[in-house]
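Note that chain A is present in both complexes that follow, paired respectively with chain B and with chain C.
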Partner chain A sequence: MFGEKLKRLFSPESIAVIGASDSFDKLGYHVMKSLVKGNYNHPIYPVNPNSQTIWGIKAYPSLSDIPYPVDLAVIVVPATRVPQILNECGKKDIKGVVLITAGYKEIDGEEGKALEDEIKRIAYEFKIPIIGPNTFGFVNLTDSVNASFTYEFSLIKNGGVTLISQSGGFCHLCGFLAMEERMGMAKLMSLGNRVNVDFPEAVKFFMEEDEATRVIALYIEGIDEPRRLFRAICNSKKKKPVIAYKAGRSEKGDAASRFHTGSLAGNYKIWKGALRQAKIFEVNSSEELIDTAKVLDICAPMKGNRVAVLSSQAGPGMIAADAIESSGMVLSRFSEHTQNAINKLLPPVAIRTNPVDMGPAWYSPETILNILKVVSEDENTDGIIFIAIFASANLNITRDMGRILEGMEPFKKPVIACFNAPHGVWDKEIDNIDGRKGVAVIHTPERAAKAMANLYEISMKKD
Partner chain B sequence: METFLLGMDALEFLRRQGFSVLESKIAISEETAASIAKDIGFPVTLKISSKTVIHKTELQGVRAFLINEKEVRSAFNELVHIFNITGRVKELDGIIIQEIGKGLEFIVGVYEDRQFGHVIMFGQGGIYVEALRDITFRPLPIDKKDAKEMIEELSISKILSSPRQKKINPDMIVDFLLQISQLIENNKTIEEMDLNPVFVSDKIKICDARLKISSG
Partner chain C sequence: MFGEKLKRLFSPESIAVIGASDSFDKLGYHVMKSLVKGNYNHPIYPVNPNSQTIWGIKAYPSLSDIPYPVDLAVIVVPATRVPQILNECGKKDIKGVVLITAGYKEIDGEEGKALEDEIKRIAYEFKIPIIGPNTFGFVNLTDSVNASFTYEFSLIKNGGVTLISQSGGFCHLCGFLAMEERMGMAKLMSLGNRVNVDFPEAVKFFMEEDEATRVIALYIEGIDEPRRLFRAICNSKKKKPVIAYKAGRSEKGDAASRFHTGSLAGNYKIWKGALRQAKIFEVNSSEELIDTAKVLDICAPMKGNRVAVLSSQAGPGMIAADAIESSGMVLSRFSEHTQNAINKLLPPVAIRTNPVDMGPAWYSPETILNILKVVSEDENTDGIIFIAIFASANLNITRDMGRILEGMEPFKKPVIACFNAPHGVWDKEIDNIDGRKGVAVIHTPERAAKAMANLYEISMKKD
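Right after this comes the complex of A and B.
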């Protein structure tokens, strides 16, 4: 519908900020901050009739006063002024709009709805894709475009996960969780009121047009035409894993229906079935969304359900083993060749079969990584959970692990590592391992096992 | 406008569409009820057949597991009496004499959702439907993979693979669900359909059905 326009919207070569401001209590200030401090490396044109410069950049009284072409307009002016500005956007041949302004159909009253209809009409007339209204914007981490009112999103690690959310609040929740969990993201966006860019348009774009996106995560509250989304995914020319978190699950019996089926049909139950039918993997918490997306992005696909647990401490290894079994996977039984190799690496003072207690190798990151390598080549193992918890005495193992890992080949099977340490200890060391060579770091053994089970299920679904 | 297909009409409609239904015949006198019951073979179930009564159990319009002629005759008279005392005898088409269902009870429904359009529900039937809510949904139409996954999603499917359970072939249930999907594809005017219960043993037989059909 929009041809190349969505590409220009998400990767613009110039941006106008309508309603840009130098005062902290205006959203126009924060949008400017996001672009400037987020290292946007193309021209920014602040638009505000009352200022000569904003954020130290030359400002223009109106959009039509900008003597250069503009790809993207970010609009943060009051709702009533938006129709006129959109007309100007159309005349200036702007490729896309982020409409942060709220106060449309989401509020009570006729006026908001009428304004939104007007916006829809203008957008249709000029064929301009609009993100919003009532959105925090979007962040393109691949190209350093932070077209949102929260600069801190620019601190998220660059990676392959794209989040398309119905809610801006959820983007903030997940964006900051992503930082905490070192998850790399390509884009994140909130659709807001979805004037003409809705889930199907966004999903299609990120699946087919955006190379940097490798995993798509959706946060859905409710949409009017869910089948349109499923068709978009099903008909996409490229396939990428899609995971979804569906909110609004409380079941309301449909009193209008006189039949049993009707009264048993809570809308969420249908969603659940529909997501599975459309091969969209459903997650049930924000953490699960992050863990699953991260592992999908970083790790190799999982070809079977046999898992090896390698732990520097026995207890957490047993927890991982329990979690593996309860999530439908099994502990692998090493081949004779693998077992012999492990027996050479570890003295017979600890359990050397799966789950392997690597305790005796506490001071030897070389040995630990050699065991990891040997097990990753085991013909009876499909994935590995690898655990090292900090203790004062093993301070240096992660540092040296990072260094040795650098010289190793990427793992062809998923490796999920649980590293835990107090804040300020191992931070940099874990950064150096997480996301490298197919190793994803997840906080706890239970979450690691769940993420691996999800990876297995999603890997098996691929046609 | 919409019409309902209930009682014997609903079973007859489904039979003509190629579904197996429990052997059912309608009787309008005590004598015919007794002789039909003998033909079908005891035990039998008696149910009211009416174009106006959607929920038979509310009227206590079902008598199950009648083991001899005497029980059939007295049940027949009781059911007719329900309509007589409420002055609704004209609404009674007759009494259905039905063979006893065997096997596990399932429930199958079709329903038109505002957002999803036609959806199918499949679940564990019987008296615990409300309590267990062991049910699953899919937008229609469904394919083989969907049908398999629906079965596997039910807790009761663990019983299907249990060695103590007499062999129930899951493929047979898959085919049945696909047949329902096809029925709706071919008859979009079916707004709602409720098959409850459906008996599954070495065969699948529909015991009771209600359909809501939109006209035009």
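Right after this comes the complex of A and C.
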């Protein structure tokens, strides 16, 4: 429908900010901050009739006054002024719009609805794709385009997960969780009122056109034509794993959804079945969404449900063992060959069967990594959970582990590492391991086991 | 059994560190660091025959050479030297021992078992309570006593939760989660091999003798006489809420438990029933343990299951509504009086029924807090979940909210706030709200709902 325009919208080579501002209490200030401090490296054109410069950049009284071509317009002016600006956008052959402004069909009354219809008409006339209205915007971490009012999203690690959300609040919740959990993202966006870019358009684009996206995560409240979404996924020329978090499951939540984005959430049971049919994996919490997406992006697929637990502390290892069994997986039984190899690496005092007590190996990063390698090659093991909770004495060892890991082949089976530490203590050390060679770090042993179980289910469904 | 000695052990007025060291790779270094940097404000006596000073403090060749009385001895020398040192402790009338040294019954072979029996005999002879062996120690946050090898525990916020753990690794996991979640703790300890201080002794002490402890959290792998624990709780002269996380639920986990601390975890179903009978609330993950303990410590009891959701973002509010219903609670229906009061505070454009859309109130901290107050007084509401995900524009408002909250009466119903933000951005602002006036901050809407459901169940069982 929009041809090459969506590509230009998400990776624009110039951006105009309509309603840019130098005062902190305006959204136009925060959009400018996001672009400038988010290191956008193409021209920015602030538009504001009352200023010569904004954020130190030359400003223009109107869009038409900009003497250069503009790919993307980010609009933050009041709703009633938007139709005229959209007409200007069309005349200037702008490729795409982010319409942050709210006050359309999500509010009560006829006026908002009428304004939204007019916007839809103009967008149709000029064939301009619009993200929004009533959105915080989008962030493209691959190309450093933070077209949103939240600068902090630029601090998210670059990676392969793209979040398409029906709610800006959820995007914020997930973006901040992604930061904490070091999840690498390609793009995140809130669809808002979906005037002409809805789930099907966005999913199709990130599935087929965006190389950087390797995993798609959806947050869905309610949509009018779910079949269009499912068709877009099933008919896609490229296959990428899709996971979804469906809100509005309860009756009250459903009612809230109608108010929020103008669509009913719909009967949850029907949704559940439809998601399953479309091979969209459903998650049940924001943390599960982050963990599952992260593991899908980083780890090798999981070809069976037999898990090895290697833990430097027995307690957390036991917890992982419990969580593995309760989530439908089993602890693997090492082959004789593997067991002999482990026995050579660990002193006899250690528990060397699964879960393996890595405590006595904690003097030597080589030994730790050799055990990991041996177990990853075990014919009876499909995935590894590797646990190390911070203790002062193992600070240096973890550092060395990152260095040695760098020279190793990537693991051909999923390795989920549960490294827990106070903030600021092990950060660099974990950064050197997380996301490298197929190793994903997950917050707690229980979440690690759950993420692995999800990875297993998704890997199985793929074929 | 130990009279006043346990009090002196946990709040010692002098500490000797047997095996203190100046070299980073010795545990004796880290114990000294914990005491010194953890601001222990009574005398510390390092004991090491090869040094004049350790950590800049005068050292003694042996315990007997210290010319002052000593309350607590922390021992980190090899296992075979421990019996002789314990004899010295007895002769010096030391009140308690933390025996960090490992290598006793938890290892295979007769020698460890024999050494542990000897320790037990000496401890019995002199009536010395011993934490351990095979423990990381304990931390008393109330009195700044970090008698452990992990200095970072001193950074945990001071509060009312005491964790008694059978695993040092679990203590580390939980301690770090507590830091992230700003959970205030009174004490945390790992029992290790429990030579003479086991769950019953520790629980009885923190229940009856320690004023600072308001909530007790247990991490249990396997114990030989569970009835003694249950009796200690049921017969306690003071009542405090007790929650427990039971590991070793699966067969494999059970086997690992025997290796780890020398006790079988035992049949989980029997445990489950016994915990229920003893009114110990069972949690199912490390995060749930932290959230539940925190809410129990901070919030008022919950007298019914009717919850109000006030959210500055609709999406996370919907998620909370779903989580409330799926955890057995219901969204409350405001009384006419309450509804009228909210209608006056919020503009008509906002959703003013439950879940309440607080977005339009976000310009005014007074309005936000007034709505909170009105809803907390609603006769049909038993608890409030209040959600605000960070956005740059509401930084200052949250700051003001903390200031205004300071002048308010504490909430008589539980208020759980879900404030999510990137690290370093909202930290101070959240600190000014979290734990004040009955408001507890919990990480995500789903976890907030779960913590509230647990608070409700525990409040109901109390009577």
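Things to note:
In the analysis below, the second predicted complex is superposed on the first by the 447 of 463 C-alpha atoms of A that agree within 3 Å, B and C clash if a C-alpha of one lies under 4 Å from a C-alpha of the other, contacts with A are read in each partner's own complex, and residues count from 1 in each chain.
Quick note on the criterion: a contact is a pair of C-beta atoms (placed from the backbone, for glycine too) under 8 Å apart; a residue touches a chain by one contact, two chains touch by 3 or more.
Since this is a predicted model, take the numbers as computed values, not measurements.
In the superposition on chain A, A:K237 contacts neither chain B nor chain C. In the superposition on chain A, A:R276 contacts chain B only, with no contact to chain C. By the touch criterion stated above, A:G315 is placed in contact with chain C alone, chain B being left untouched. With both structures placed on the common chain, the touch criterion links A:A421 to chain C but leaves chain B unconnected. After superposition on the shared chain, chain A has more residues touched by C, the comparison being chain B against chain C. Of the two partner chains, chain C is the only one touched by A:G248; chain B is not. Put simply, chain A uses residues 257, 259-261, 265 to touch chain B in one complex and chain C in the other.
Interface of chain B with chain A (complex): residues 54, 107, 109-111, 113, 115-117, 119, 121, 123, 129, 133, 135-139, 142, 146, 149-150, 192-194, 196, 210, 212. Taken together, the chain C residues at the contact with chain A in this complex read 24-25, 27, 30, 33, 107-108, 136, 149-152, 155, 165-170, 172-173, 176-177, 179-180, 219, 221, 247-253, 256-257, 259-261, 265, 285-287, 311-319, 321-326, 331, 348-349, 351, 354-355, 357, 389-393, 420-423, 425, 444-447.
Every residue of chain A that touches chain B in the complex is listed here, in rising order: 222-227, 230, 257-262, 264-265, 267, 269-270, 272-274, 276-277.
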